[in-house]
Structures are given as C-alpha cells and as structure tokens.
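Once you scroll down, you'll see the structures, which are given as structure tokens.
Okay, so chain A shows up in both of these, paired with chain B first and chain C after.
Showing the complex of A and B:
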C-alpha cells in the first residue's frame, strides 16, 4: 500500500513539474470563479460547462454555451500566440505589429475581393481563394519586413515591429480608399461563422495548431529555433544560420497574423481597418507569458501559449457573465492577469518550493 | 609591514566547485611600483584580483592595506574603493553617452551650498584633473567621441581621483594599438612617480619589460614566485608561467612525428582576418596532429577561427583536399568536413538550456538540414553511443547540459563534432578548466582520431600536452605565424620560438 501511495505521489509530483501545470491551474481557477458565481446566484453551478444545440436563423443549428463562446472568440489570439511564441523564442523579443498586420491583411483581402475603391459589393471581383491568398501573402510580406529588420539589421524587435504597428493600419486604409469595405457575398462570411454546428474560427485554429505542431515535430525547426534563442553564437559555430532562422520565425508570425486578420474580418464580413485586431498584439504577448514561456527567449511550449490565449478569453467571458460592464472589464482583467503572472514568477515559485520542502521535512 | 608596502595578501585560498582556484597565495605591492601579475589562463590571476576587489569572497588568508588597522575584507567593489583599491578593466565600464566630466564625477558630483550640482566646479575640476595627468581632452565632450585608449585613461583618472592607493589594470592594453599603449604607459609611469601602486595584468610579454618593476607569477592557483624584472628574462618568465623548470627539459618525442602522409587536407594561402590574424600559409596533412603554440592573445584561436569561417577570412584562399573553397560561415566549413570546438565553452560551445542529447545531435542536424530530422530513435542512439564512447557522466541523455561538470560539458561538445564524422577537427583549448583525468582522456582521443586518418588541429595553453600529442607545431606571436616546428619538438625549443626577441633579454 505504501508503494501505491509512493507512485501516486510521484505521479502528482510529475504533473506539478510539468511546464503546463501552472497555466492550466490558472485556467481552472478562472472556471472555478464561474462555478462559484453560478452557485451563489442560484443558477446551475455547472452552467459554465453546458453545451447545447441551438437553432438560429442565420447559421442553422449550432453548438451553444460559454465554453464554445470562449473557443470561438479566443481564436484570433490563439492563432497570433502561435507565431508570437516562435518569435519570442528565437529573438527574445516580441512582434508588436501583429494586430496591425491583421488589419492590413484583411484590408488587402477585401480590396481584392471587392475591387479598388468599391465600398460594398455582392459580387466578388476575383475568386474567393485569390483574395484569401492575397491576404495571407500580405501577412508574409509584413513578416519578411519585420524579420529583415530584426535578423539582418539587428534592430531591436520592439523597435523594428513598431514601424508596422503604426503604419500597417494606415496602409490598409490607403488600400481601401479610406472606406470600410463590406463583402456582402455569403461565401466570405464562412470563416467567421459556423461549419455545421462548429464555429469555423475554432476549426481554423485547430488546423493551424496541428500544422505547426507537425512541422515542429517532423522538421528540425523547433530544435533550431530554441538553439538560436538560447545561444546564437554557439548555434552559429555548430552550423546554424541564426539570421535565417530568426527571419523565418517573423515570416511565420506574419502568416499567422494574416490568417487571424481574415478570420476577424470574416466575422464582420468587412474590412474595418481601424478596429480589426486592435490591441490584440498585447493579448498574444500575454498569452505567451501566461503559458509559462520566458519572454527572454529559448525554450518554448506551444501548448502553454494556446492555454494562455484561451485563459485570457475565459477571463473576458467570465467578467461579462458576472455582469461587469465593458468599461470596467479591463481593470478586473488586469488584476487577474497580475495574479497569474505573479504565481509563475521566479521568487514566488522559489517560495512555494521552499514551503513544500519544509513541509516534507516536517512530515519526516 | 615594510615602510613602503601598500598592500599585502597572505595565504589567500579560494575554491570553486571542483577546482582549487587559489591555494595559499602571497602577494605584495609596494608604493610607486608597477607590478606585473603573470600566469597562463586559469592560473588564478583574475581570481586573485577579484579577491582583492571584493567580487570573490576568499576562504582563507588575510589582506592588509597600508594605513588601515587589521585585516581588510572587501565585500563589494564599493568596499574596495573605500579602502583605496580601484580597478580598470579591459572593457571600459563608463557611460559613452555622457561627457568626460560627468563620467569622472558620476555618483560624487561637486555640490553647491544648496545641494544642487555645481556645474562650474564640475568642469573646472575635471579639466584640472585631466591637465594634471597630461591627458589632452575636452571634458565637456561625450566620452564616445574619444578613442578607447582615452576612454581607458578617463577610467584611470576617475580611479586616481578617488584617492586610490592601489590601481589594478586588468588587461588594459588588449584592444589598444601601439601608439595608444605608449600613451597609457606614460600615464602609468606618472602615477607610479606619484606613489600609486599599480598591479598590471597583461598577456603581452614586451609590455611587462617596458613598464614593470616586479613580476609575480602564478600557476594553477599557486604562487610560483616574485621576481624583479631584471632577474627574470623573458625565457625564464615563459618557463615559470608554463611550469617547466628550464633545466629540466624532458625529451618527449611524439610517436607520430615523421610519419606524415602526403595527402594534404587543408591548405591555406595568405589567409587573414583584419585586426586579428596577419596573412599566413598552412598545410595540414591527412592523419596528422598540428599544434598551435603561442601565448594567449597571440592569435592562436583567431588562426583556426579564420580557417573554419567563424571569423570570415578577408584575404587569401583555402583549399580543402586540393579544391579551392569559399567559406562564408561555419556551415560551409562543416559541409567540407570541418569541425571546431571553440575555446570559450560557455559562450560559444554549449547550448546550456538544452539536453545533452540535443547538444550532441545539434551539429549533425544542422548539417543534415531542417527537413531531414533525425528520428527520435536515431537521436537517442547517437547520444547514447557518444555518452558511452566518451564516458560522459550524466544522469541521462535528457539532462540539461548546464547541470554537468565542465569536463563533461566539453565531452558533449566533442561528441557533437564526432557525430558529424569530420575529416578535419579543430580543438581550441579542449582541456582548459577540466580535471586531469579528462585531460588525459582527451589527449588519448586526439591521438586515436589521428590514427583513424582524421586531421586535427590542437591548441592548448599547456605546451607539454601539445608536445605529447602533436607531430608538428605552428607558433603564433602578435597575430602572425612566426614559425613551424616539426623537428626538435621540445619544450625549450618551442618556448624559445614563443618568447621570440633576443634570448637573453
């Protein structure tokens, strides 16, 4: 029996040592707040988790529930967080232009679909896939620009990406002739609505996660990125082309920003340059940090970043469910984020470890 | 304490995990002398200096300073400054974007009666100080407008103005040209006449003879002795640093000498890297071990880095197996069958936050390219194979490499290169900072690899190691290749070539 207990303890210990332990705990805590609130107000305590089918006039029968809402609404941040994770790992810096690049990609896509200077269209000017490819390409081009500045000119990532952070939205407006371009053709809206009962943004996110995971698993990209991020000098001596690898991570980040931009614009079936992806770069960076990744570069956990992104969305959804007004929500969001980040900070981790050790000693 | 003695250190001992860095070292500095602290890499020079300046906390021993009762124990550089010990390092620790005057008085600005900074006094005092020391600068200009030499002198002026009795110059001349060095020496002599005791750490032998009065030599953390400059000619100094009594020359002949294959693997013609290595010619044959001798800073590492493309060659041509190759970066050299184990293990060798396995497969994976990922089974097999062959002591292949000891980290990097199966392997100080047992293992391995037909370039600060393993040696001095020794490969001969100059200087 003592043996059994031992193995059980080591299993718990193993979970506790996993880098995903704290991010997941944070997510569970946020869920717990929902349960407590629901119980206190007399509603079904598990209301948070209930998923049911609901008929809607616009989308037919769809899945409905708070969890679904989080998975749906958190998609853009999760997609951005994927690219951001790689950028942080390889260059120990952040790409703060992703929100603006989202907007530019969406604008370019919609401009292609509607034709230049057209503010509202029912007929697509070019086939849908051409517009989408154009938008994704625009994201990649922005990524190349950022990557060139960071990898080849050695400009600090924050400064290098600040350029597109401020310029990309304006370029988008230029492309759209200062108009909000509406695509009133139903086919474009599909990326922001539902396929069958499942939200399309979630499906797209899942595909992005799978593709990137497979690339990282089947090629040496992950090893290269981490190696360059930890010690770029030593990596160079060992034969890696640090510049090319850092460049590549920015291009990937730009591509994901393009995808997120099209998803976001498809939700509103228009290219609203001023609002698409607004402040989303901050959520993406925060997602990486909440996922337990060091913003100092090096080792990374993709899963951590995704959990981080959905945690942020869970906080937002929870606050709305608690009846906090939109104006005050950022205050509470900030408080929760501070707590989560503090729990993962080295001094507090060290303190917890010390307390655990003291307890063990006391038990013996 | 003697009348003129300003600092004495007695019986200083200090241990780092696994290494005895200093063992019972004595050091005496007199007023108005320039005292060279000499020793090879890892001899304990910087450890001793760090003990004096409060960066290291020594375990045993006492430090006494003139005018202060009882033993002194510094816990920070601030403490050291308070008792009159100031240090100027190779890299200038000042703010380039502030003016010379501001740099001189940072943290101790002259104040007016109402405790605001007294600007007028500021510049007047700064100008006076610089005048006093004969440094011609405009004190209101930003420091970055001046050469490194002037910046260094400003750092020294700052130290002197803080009423220092002991000035430590830690390799101040490494990045200066001849003229600048001369200026610095002028300043040092002037301070000496004012009664400041100066500890001068350098790797340049000529400079020791140009300015110093006394020399203290350390080796392997132990005191070899204190000498007057005139009693210790250049050759004897080299011998003292390298730990060979000059009369006690073992006649070790390498077995591989004279058995040189005709096949030339590497052939360099006029290869150079601006600022570090002057143009050199070099042939390396199949299956031979070529040593590169010379003091640190003589261009040993730079020579091999230029061949490997770690520093891109500015002139000259390189042929590999008779074919001319263009090497822009290390991967090009790797694709031609080269490998380089760099001398700075921490900065350029290990990827510390990665596992032993990842560190071992890294170079092979880089060579294979991104899309040909070694399968997990292959990775484990390679890692296990080299952990076994090199008997790397690690709890598992997934242990982070930073958790291993220095010697085992070195073996991991060695494994990284062996995994790529190179024809030409450069080992830059593979035995530095590791225990004696591992040192011997690595030397044996070098000989074994040569027997298998690989060509090796081997650099070590310990000449005896190279004599034992190399069939030929290239000697470097001041960035130039000054000689090749393939016959009479004995320590006295090698040391004579290294020391250069007139033999009885």
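Showing the complex of A and C:
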C-alpha cells in the first residue's frame, strides 16, 4: 500500500519536473475556459474540440474547427520559437529582431517576384522558387549579421539585435518603395492556405520541427549548443568552437524568421512591410519562456517551446472568442505571463520547497 | 602621487571618451545639416529648439531608462506607459476632471506600476526583460481598454491644460527677421523646461547622492555591492519605480506636445530611448553611463529625423535606418574599446 503510494508520488513529481508541465497546464486551463464559456452561452460544451470537413469556394474541402484554426494561426510563432530556443540556449539572450527580419524577408521575396517599384502583379517576374530562396537567403544574411555581432564582437544579444529590429523593417519598406506589394498569382498563396484539407503553415511547421530535431539529435549540435549556453568558456577549453556555435544558432534563427515571413506574407498574398511580424518577436520569446526554458541559457526543450507557442495562440483565440478586442488582448496576456514567470521564480520555488519539506517533517 | 593622478586621468578618459565622441558626432551632424539646408532655415536657433520640443518626452524617458540600464537592467514598458498616460490625461479631461488632479493621478499610477515591476524584478528575481515586456503588453492593452479611438484635448475640454501646452517661453536671443520683416523670437514649450529640469536633477542625483552612486555599484557587480552592504533588491526596486515615474513625467510632456491620446501613440519609443542611451555611451551590461550622454543621443536621433524632414524627398524609413547604422557604429566602437582595455589590463 505504502509502496504503491510512493511510486504514485514519484510519478507526480516526475510530471511536475517535466519541462512540458507548465505549458500543458496552461493549455488545459485554456480549454477549460473554452468549455465553460461554451456551456454558459448554451453552445455545445465540447465545441472547442470539434473538427469537421467543410467545403469552401476558395480552397475546396478543408478541415475546420477551433483547434485547426489555432494550429494554423500559431504556425509563425511556433517556427520563430524554434530558432529563438536555440539562440536563448546558446547565448543567454533573446533575438528581438525576428519580427522585423520576417518583414524584410517577405518584402524582399515579393520585390523579387513582382519587380522593383511594382505594387501589384499577376505575372511573376522570376520563377517562384527564386523569390522564396531570395527571402530565405535574406533571413540568413540578417542572422549572420546578428551572429557576427554577438559571437565575434561580444555584444549583448539584445543590443546587437536592436539594430536590425529598427532597421530591417525600414529596409523592407525601401525595397518595396513604400508600397504594399500584392502578388495576385495563385501559386504564391499556397504557403498560407491549404494543401488538401490540411493548412500549409502547419505542414511547414511540422517539417521545420522534424528537420531541426533530427539535426539536433543525430549530430552533436544540440549537445554543443547546450554546453556553450551553460558555460561558454569551459566549452571552449573542452575544444568546442563557442563562437561558431553561437553564430550558427543566430543564422538558424534568421532562416526560420525568413520562413515565417514568407508564410505570413503568403497568407495575405502581399508584402505589408509595416505589419508583417509586428510584436511576433514578443510571442516567440514568450513561447520559449512558457515552454519551461530558462532565458538564462543552457538546457532547452524544443517541444516545450512549440507547445508554448500554440498555447499563446490558444489564449489569443480564446480571448477573441470571449469578445475581447485585438487591442485589449495584451492585458490578459501580460497577466498570464506574470503569473507563469512568478511561479517559476527562484524565491517562490524555494518557498514551496520549504513548505513541502515542512509538511514531510510534520508527517514523520 | 603622480602615479595616482595619471591613473585618474586614464580612468576619466576611458569613461568620457565615448561621451566626447557622441557630442562631436552631434555637432558634426548638426553642422552638416546647417551647411546642406541653411537656405531652408536649418541654421535658425528655432530648428534646434524644435528638436527639443518634439523630444521633451523622450528626454525624460531616456533619463529613467539610463538609470535602469546602469543597474544592468532594461525597461521596455516605457513606451506603453507613455501611451497609457496620454490616454488617461485625454479621457480624464474629456470627462471633466481638472488638469492638476489628472496629472497627480498619472504620476501616482506611474509610481504604483513601477513598484509592481520593481518588486517582481528585485525581490522575485524575474528577468527584467520578461517583466517589462509584460508591462508593455499590459499598458498598451490598458490604453485600448480605456478608449479605442483617438481622443484629442481641445480648448473647451480643459482650458488650463490647453493654456499650459500653448505657453511660448521666448528666449531673449537668437531670433531672426522673417520674410515679412517681423522679428521672430525663438521659443520653447513648458515640456522642454520640465525635461531639462529632470535631466539636471537626475545628473546631480547620479553624481552626488548615495542612491545614485549605489546604482553604479549594483550595475558594476551586484554580488560585490551586496557584500559591501548595499540592499541590492531594494535598490533595483527603487530604480524601476524611478524609471516608471520619469516615464510618467515624459508621458505628460508627450501629451503637452501632441494634445491627444491614442493606442498607436509612442509606438517604439522604448527602442528610441534604448538606442539614445546606447549611443550616449551607456552600457547595457551596467555600471557605465551618464544621462548627459543619453541627452545627446536623443539630440542625435532628433537631428537625423529633422534633416530627413527638411530634405522632404527622402523616404520615411531613412531615419530608422540611419539611427540603426549609428547604433551599429557606436556598438562596434564600444566593443573595440572594451577589447583594447582588457588587452591593456593583461
């Protein structure tokens, strides 16, 4: 009996220690709020979970439902969170330029496709893959710039990325000649719509996650990144090229920002430099923090970040469903963030541990 | 004795060299503007005063942010706080509350907001970036909760506030005679006076008070500051209170200039303030910096946008790109200076 109880306890403790504990609890809470809201308004209480096939005029038969919507809309933040996780892990800092880099990549891609100074086009000026490659390359170049500043000039990540935070969006505007470039060609919109019944952004996210986790698991890169993050000096003495690893994480982050930018601009089949990726860097950083990753670098969990990103999207979608406007939603986001990080903060953790220990003593 | 003076001189040099570079850069930029656009009135004293008038709010915010950065922290909630203050002032006056009660309310809200952020950062040891990011979300969201549309403060709403905003404090020198033969005396607004007072007070505070010196100590090395007997947690909390309070003052200056409140106001102000401070020689690693540098950082930003505006043909995105390029330049100079210093030390 007592043995059984003990194993049960350790199982609970194991769950509580898992990096996924916090985001999943948050996700469950969000679902609970949805169920209560639906029940209170007289709708089907399980409406949140219903996924059905629906015929649409533009995309044919697609999957439809609130979960699908969250998976679809949260893709950009999830893609960004992947790169951000690596950057946070290796350099103990955040890349605040990803939102602007998204915008720059999308602008560059659309400028290549439409030609300079053209604001709307039906014919592509260059083949589609050239434009996409250009956009991704632009992301990588931005990543290289950030990586060079952080790894080789030893500048704090936030200051280094502050440069592109303010410049990238402005350069994107220059590339587009201060216009919104519309690509009215069906082939470009594919990245933001549906392939068969499944939303393309979700497929792209899944591919990114698979490729990245295979690379991190099959090569020693994942281990190296964590090692540099925990102690870059010791790693260097152990024979790792710390600079190159930090540089690499920023390039990867830039590449993912490029992918996210193209997905986002494909959704609206245009390059709106002022609005693509606005505040998305905050969502990505939040996703990393929510996923149980320390912003102080070191160990990381990709799964945590992805669940974190979709949790944020779930919160946003739920708030909209509750009738909160787009402008007002940040208030609730802020309160949720503060509660989550306050629970994780060292003094509160120490307090809880002390209380648990006191309880143990009292029981004995 | 002589060795002591030499080392003191060296220390002075390494601390002030970036400040001198900043001031020289400002002078060069402004002189360049005068030469290129002298015919468009750039040489008038009023052009310079206009930069001060537009950036009065930013000067207050940058002073607060410099103090935070001295302790190796960061506060990105300032832009949102300024927007919330403007909205509070505008809606408060629309509903008939007087100007002075509203100003007091705004300042008190700034203190409370700063105390909450400071508590979370100082006592719960949460990273400043995350806390103030949540603060930014909160204040921006609250601005929309108060009112979603743009609210302008008109003369009918509150005469006292309107009059304060429109006071022209004329200077006795530096005027010019315009095309109609009328003497135009240069003037500043009330916001500029407030901003300059804040600047001088914070400069004196950082230099001569116990609290000011302890900011440098905490930023230089928090651990040794704690060992010296400083209450690091309390100092950090006080710093964030100061930053939010100064941002509230900045918000009032901003509102005096724009006379309106809207959700989109002061967008990206936090990044302007951070880049001003960095250009002015404040290190984000803490312990090094001065509000005078930040003041010149603000002036450089203002001069760039003023030049682009006077030119009139350049795309609107050029100020952002130029500021970023300057930021890059300064960061590289700082990095090289730091590596030279460590080499010398070895």
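Following the convention adopted for this analysis, the second predicted complex is superposed on the first by the 332 of 364 C-alpha atoms of A that agree within 3 Å, B and C clash if a C-alpha of one lies under 4 Å from a C-alpha of the other, contacts with A are read in each partner's own complex, and residues count from 1 in each chain.
Going forward, contacts are C-beta pairs under 8 Å (C-beta built on N, C-alpha and C of every residue); 3 or more make two chains touch, one makes a residue touch a chain.
Predicted, not measured: the structure shown is a model, and the values here were computed from it.
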item: Which superposed partner A:334 touches (first chain B, second chain C, both, neither); value: second
item: First, second, both or neither for A:236, with chain B first and chain C second; value: first
item: Touching partner for A:87 - first (chain B), second (chain C), both, neither; value: neither
item: Which superposed partner A:173 touches (first chain B, second chain C, both, neither); value: second
item: Which superposed partner A:220 touches (first chain B, second chain C, both, neither); value: first
item: Contacts of A:136 with chain B and chain C, given as first, second, both or neither; value: neither
item: Residues of chain A touched, compared between chain B and chain C (which is higher); value: C
item: Partner chain in contact with A:303 - chain B first, chain C second, else both or neither; value: neither
item: Common interface residues of chain A - those touching chain B in one complex and chain C in the other; value: none
item: Complex contact set, residues of chain A against chain C; value: 94, 149, 153-156, 158-160, 162-167, 169-171, 173-174, 178, 282, 285-286, 289, 295-296, 325, 327-335, 337-338, 341-342, 345-348
item: Of all residues in chain C, those that touch chain A in their complex; value: 74, 120, 123-127, 129-131, 133-138, 140-145, 148, 263, 268, 271, 274-275, 278, 284-285, 315-318, 320-321, 323-325, 327-328, 331-332, 334-335, 338-339
item: Chain B - residues contacting chain A, complex; value: 310, 329-331, 334, 340, 342, 347-354, 358, 362-363, 365-374, 416
item: Partner chain B, residues of chain A touching it in the complex; value: 218-221, 223-224, 226-227, 230-231, 233-241, 298-299
